[in-house]
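Going by the order they are written in, the chains are A, B, C and D; count residues from 1 in each one.
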Amino acid sequence: MPNLGVIISLLIIFGGLAWLLFRSLTGREVKRRVIFVFIFVAVAAPILFPITFEEHATPVVRDLFDRIETLPRGSRVLISFDYDPAMAPEVQPMANAISFHCLTRGHKVVCMCLWATGQTLLSNTINDVILPEFPNIIDGVDYVNIGYKAGNEGVLNVIVSDFKKMFPTDVNGVPLDSVPIFDEINSCADFDLIVALGGGRPGPKEWVLFVGDPADVPVGVGVAAVVAPQLYPYYPRQIIGILGGIKGAAEYESELAHRHEQFADMDKPGLNMMGPQTLAHITIMAFIVIGNIAFFTGRRRKDR
Amino acid sequence: MRRQIPLLITFVVGTLLIVSVFIPPFGELETTFNIWFDIIAVFAFFLGGGNLLRVHIDKLRKKKRDWPFSIVTIAGFVVMLAAGLFKINNPGDIASAVDAPGSLFSDIFNSVQYPLSATMYSLLAFFVASASYRAFRAKNREATLLLIAAFIILLGRTPFGVLVTSWVPDSTSLLQIPNMAIWIMNAPNLAGQRAIIIGIGLGVISMSLRLILGLERSYLGGEK
Amino acid sequence: MNRSTYIVAAVVVLLFALSWVLHTLAMSGEADGVTRAFMVTMAAFLTLAIYSFLYKDNAFYKLAEHLYVGVSAAYWMCQGFWSTIVGNLIPRLSEGASNFFQQPYQASSWNVAYWIPVILGIMLLMRLTKNYGWMSRWPLALIVGTTAGLNFVRYLRSDFIVQVSSTFVPLLGDKELHPWLGFGAFVSNLDLSATGQLAALATNWVVFLGVICGIVYFFFSKEHTGVFGRASRVGIWILMITFGASFGYTVMGRISLLVGRITFLFRDWLGLIS
Amino acid sequence: MKHKLMIGVLFVLFGMSSLWAQTEPVEADSAVVDSTELYPAPVSHLRATDKPNDHGHAIVVEWETSADDGGGKNNVVLYQVFRSMSFDGPFDSVGTAPAGEGRFEDIGSKDRSSSSFIPDDTDLFYQIDAVTADPAIRTPSDILDPVQSSGQWFNTGRVPVLVAVLIFGLLTGIFVTSAKRGRELYVRPIGGIEAVDDAIGRATEMGRPILYVLGLGTAADVATIASFTILSRVAKRVAEYQTELIVPTYDPIVMSVAQEVVKSSYFDAGRPEDYKEECVFFVTQSQFAYVAAVNGIMLREFPATNVYMGKFYAESLLLAETGSLAGSIQISGTDEIAQIPFFIVACDYTLIGEELYAASAYLGREPKLLGSLKAQDWAKAAVVVLAIVGLVAANFGWLEFPTLFRVID
């Protein structure tokens, strides 16, 4: 059934746009109400019948994906949740997809946050993705949540040389010395990959400058769309890959669904959110094109 | 006199606050003045409420066009004001928050004011579309630049942007639409923003100086 | 009012009642289900009333608009009263009143000063009288003086000095971020990443020249002719690109707002999606 | 030489630390007597100074980190700072700094009754513990010589700002005086302002009102103040042409100022009897409710011209699109950068940022306003020159130049 809904709504939108194009070629302007109807359908249809577009991972996204994909099983990955609920709609889908990807590839995942607000979002990822999707996983062996430490960049300055000094225990109070993942981890340099999620300060940039560069650990980042442009100068030398905004999340999800069947059946908030966005963007662009065609045909008519 | 004293007040207060930035003992003046400011603003709310009632009662009395709707405004105003000032149905005592969950105040907020605000805000999605149709036309060079920049950014945010230029080799990846969109945000956009910010900054500085020195008096109304 | 108006009104009232009843039934057993069903129905009705404006102005929009104006005006008055008057002013003026409102009294010898804003506030209300309206200029002068003083230094510091100094970019490239990889790499690689030195340089040049031309556009006391005129023209081009880019960039956020509202209608009101 | 001295000091300190380590555990916990090697080295080179550029009541404590922080036994987790009013104590903990840090600002209260009060001009003694993961295992430093806090009368960190304030004030003074003496000052035409008169004429011909929106700013916002000047011009023309004017306002204070402005414009135009106070009215102090009401006015009154001048936020496009739906000519101006694109797209004329402020000088043609406009332009020229000098500096390694602009808070 949903497929029928998708087909019908796409037909309405694209058929309607073609009709409008034809009308404007004959020199008639479009009424504003018609535009409103198009936008409403373009946004409402994908909500009612989830339409997902095939997203193709751009190189910046693929580089991070490939790194996680190709690391040998049992590699150690640190994921830092440095954001707040306002950024969560953009960043949480990335957090979920990357955590899923790491665990499904058999990596050992350490989760932490530099923002106090990150703790709730970190436990959301654990409760919504990690625990239900990987029932056989063992806390402390396959993943561990070490929680939040105050101190911003100060925390990074310490863990770059000694992790347990800043985080003596995990979030449940278990000493890290008795957490199996930390058997071979003394400092950040012992990680094979660091994924910094966020968009404020401290955030991905601080991870690169205070940890990635001095300890020579590859850093991948997932950030809110607004800050992504500022991080490009660091790619690919200091940052191995960037997921920017909901679009970056959607690209990652689509790449993940492509290679891992289990993920294909899961909730993909990034891709779902991109459905209404993409359709609405296409509609707006189509209107710009149609508007200009109407403008130029109208002018030619006047010239004649 | 009626104009001289206000001008003097502005001069003294403005100068004090400028000086306080450089003289640490005056550092707390800023906070004090801001609290005063807030208190005066609350009195202004009552001035506004009084005017609102006056306008709508006047409409009712004179049976102007759409006068029945003025009853709705007055009723909404009075009920909400009573709910807030007397904390009707508020679960806590007098010290609890005015918008504590369960109170009439928060119920009206959640079922009337919040949905109305969110809906008015979301009208922007429609108007963004109609504005792009109506106004993004290549009428002249400036309009064309505006149009192209907006189009590239829009395209860069859809899968088509990736698809259209996926054949461009990675060594010239700047020509791929998503990267071009990022570059536009990073270079010309940044430059334009900065030029405007510097201009506005200077304008504000200059206007503030004019106000403090009493050169600009439009805010005091007429000469009468 | 003609007959069709009455028919539409009747249909809307019926639908409203139907929605209220159905939601009450769906929430039966829960505490104050009737109230909550009414709240959801009311929210949905007001949402649709606002959207009806997109077709044309009508009675439902007028109803929603007038209700909104009344409620919101009172909302801010109440918030201002409890947070500022009760929260900030009373604890500094009267111990008895603070006890009544259960606010901790903040004793200090400076508290006398807080009568000043009260007096100024009352002077502001003199606006409502015929003969003492001029008094309202005093509080206004204080407000204007305060913001002028604060703005003068704040803008000079953050907008002016900071923005100017961040324009000092290396036009010959940043050795840290973009190491020199040889002439061949320089001309052949057009990339945003660290390997793309050419792109990085272009960015810095565009920022630098763009800022200068933009500032030239904002010169008011010189005629825009000759070289000056050409720079000002480039300035307006840069500004136009800026405006186009930020317009395009905002679209995504605006669509998200509509997604939020439509999700409310489909999920919370109609229950079409989960 | 310096190195030898350092090593010597370190030796002494190490020796002392072992002394401490031998005596301390006996008092603290006899069970760990044997684990003397657990105790970290104390911090060295401790010094405390008055915090500069403040109103007193604050001390900056600095030290060199323990030898066992980031090296050696590497077991220091944090440093705990203690303060006392006398050498003999008692010492109160005033805060901690994470390992790796060598600086702590002890900022006290100015309020005598507060527990964190630090008196000025009084001897204070500091001591710092190097603390390990086990809080009982710690090594204190020597007690530092007394230090006093004091307030300063001038904040030297803000000298660049003061210089800028003085230069700008001077420029304004010079040009305002020379303009007052009768020197002609040129102002370039500003498109949107020229259009205002035509738009009022059009409204008169059509017999429809003019809608003037002052935005969401308060009466103290620069954009709103500039808008008052434009409003007074519009109101004067409206009075002359005997057209209707509607001014819905968002802020009650803005409303009362706007009433004064419009009233005196009618007076200046010689038609005080035509002024109706209800043409300027308050709507509500809620952003979108205000928009809903103004949109309603547009579709019910069909104003011939809408003027939007002042501070605008998300409502800019909501207003401007509805206005164009109603078929009005629209003139806008705002200094809110994020909203300028929407006005540009949806309105017929737009004043961009600073143009709005300049408009008030342009309309008024008063020498003092034109003079300050000229001063603004000179400041802009200074920016261009500074940017070029700064650029040369950045590219030829003169790194001190940008630091001249650093403002210390």
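FYI, a contact is a pair of C-beta atoms (placed from the backbone, for glycine too) under 8 Å apart; a residue touches a chain by one contact, two chains touch by 3 or more.
Only a predicted model underlies this, so the values are computations on that prediction, with no experimental measurement involved.
Asker: Strictly by the touch rule at the top, which chains does subunit B share as contacts with subunit D?
Answerer: A, C
Asker: If you tally the C-beta contacts, which comes out ahead, A-B or C-D?
Answerer: Per the contact counts, C-D leads.
Asker: Would you kindly say which chain has the C-alpha centre located farthest from the C-alpha centre of subunit B?
Answerer: A
Asker: Just how far, in Å, is the C-alpha centre of subunit D from the one of subunit A?
Answerer: Centres of subunit A and subunit D (C-alpha means) sit 33 Å apart.
Asker: Just how far, in Å, is the C-alpha centre of subunit D from the one of subunit C?
Answerer: 18
Asker: Let me have the rounded angstrom distance from the C-alpha centre of subunit B over to the C-alpha centre of subunit C, please.
Answerer: That pair's centroid distance is 4 Å.
Asker: Mind pulling the subunit C residues that touch 2 or more other chains?
Answerer: If we look for residues of subunit C contacting two or more partner chains, we find 50, 53-54, 62, 64-65, 68-73, 75-76, 124, 127, 140, 143-144, 146-148, 151-153, 156, 160, 164, 167, 192-193, 208, 211, 215, 218, 239, 242-244, 246-247, 250-252, 255, 258.
Asker: Going by the touch rule set out above, which residues of subunit D reach two or more other chains?
Answerer: If we look for residues of subunit D contacting two or more partner chains, we find 158, 161, 165, 168, 218-219, 222, 225, 253, 256-257, 283-286, 288-289, 292, 300, 337, 340-342, 344-345, 352-354, 358, 373, 376, 380, 383.
Asker: Residues of subunit A that contact two or more other chains, please.
Answerer: Residues 32, 36, 39-40, 43, 232, 277, 280-281, 284.
Asker: In their complex, what parts of subunit D are in touch with subunit A?
Answerer: 70, 74-77, 98-101, 133, 325
Asker: With touch defined as at the start, can you tell me which subunit A residues reach subunit D in the complex?
Answerer: Where subunit A meets subunit D, its residues are 32, 151, 154-155, 157-158, 161-162, 164-166, 168.
Asker: Any idea which subunit B residues touch subunit A in the complex?
Answerer: Those in contact with subunit A are residues 125-126, 128-130, 132-134, 136-139, 147, 150-151, 154-155, 157-160, 162-163, 166, 170, 173, 176, 178, 182, 185-186.
Asker: Name, in rising order, each residue of subunit C that touches subunit D in their complex.
Answerer: It is residues 50, 53, 56-57, 61-62, 64-65, 68-73, 75-76, 124, 127, 133, 136, 140, 143-144, 146-148, 151-153, 156-157, 160-162, 164-165, 167-172, 208, 211-212, 215-216, 218-224, 239, 242-244, 246-247, 250 of subunit C that touch subunit D.
Asker: Please name which positions on subunit C make contact with subunit A in the complex.
Answerer: Residue positions touching the partner: 54-55, 174, 177-178, 192-195, 200, 251-252, 255-256, 258-259, 262-263, 266, 272-273.
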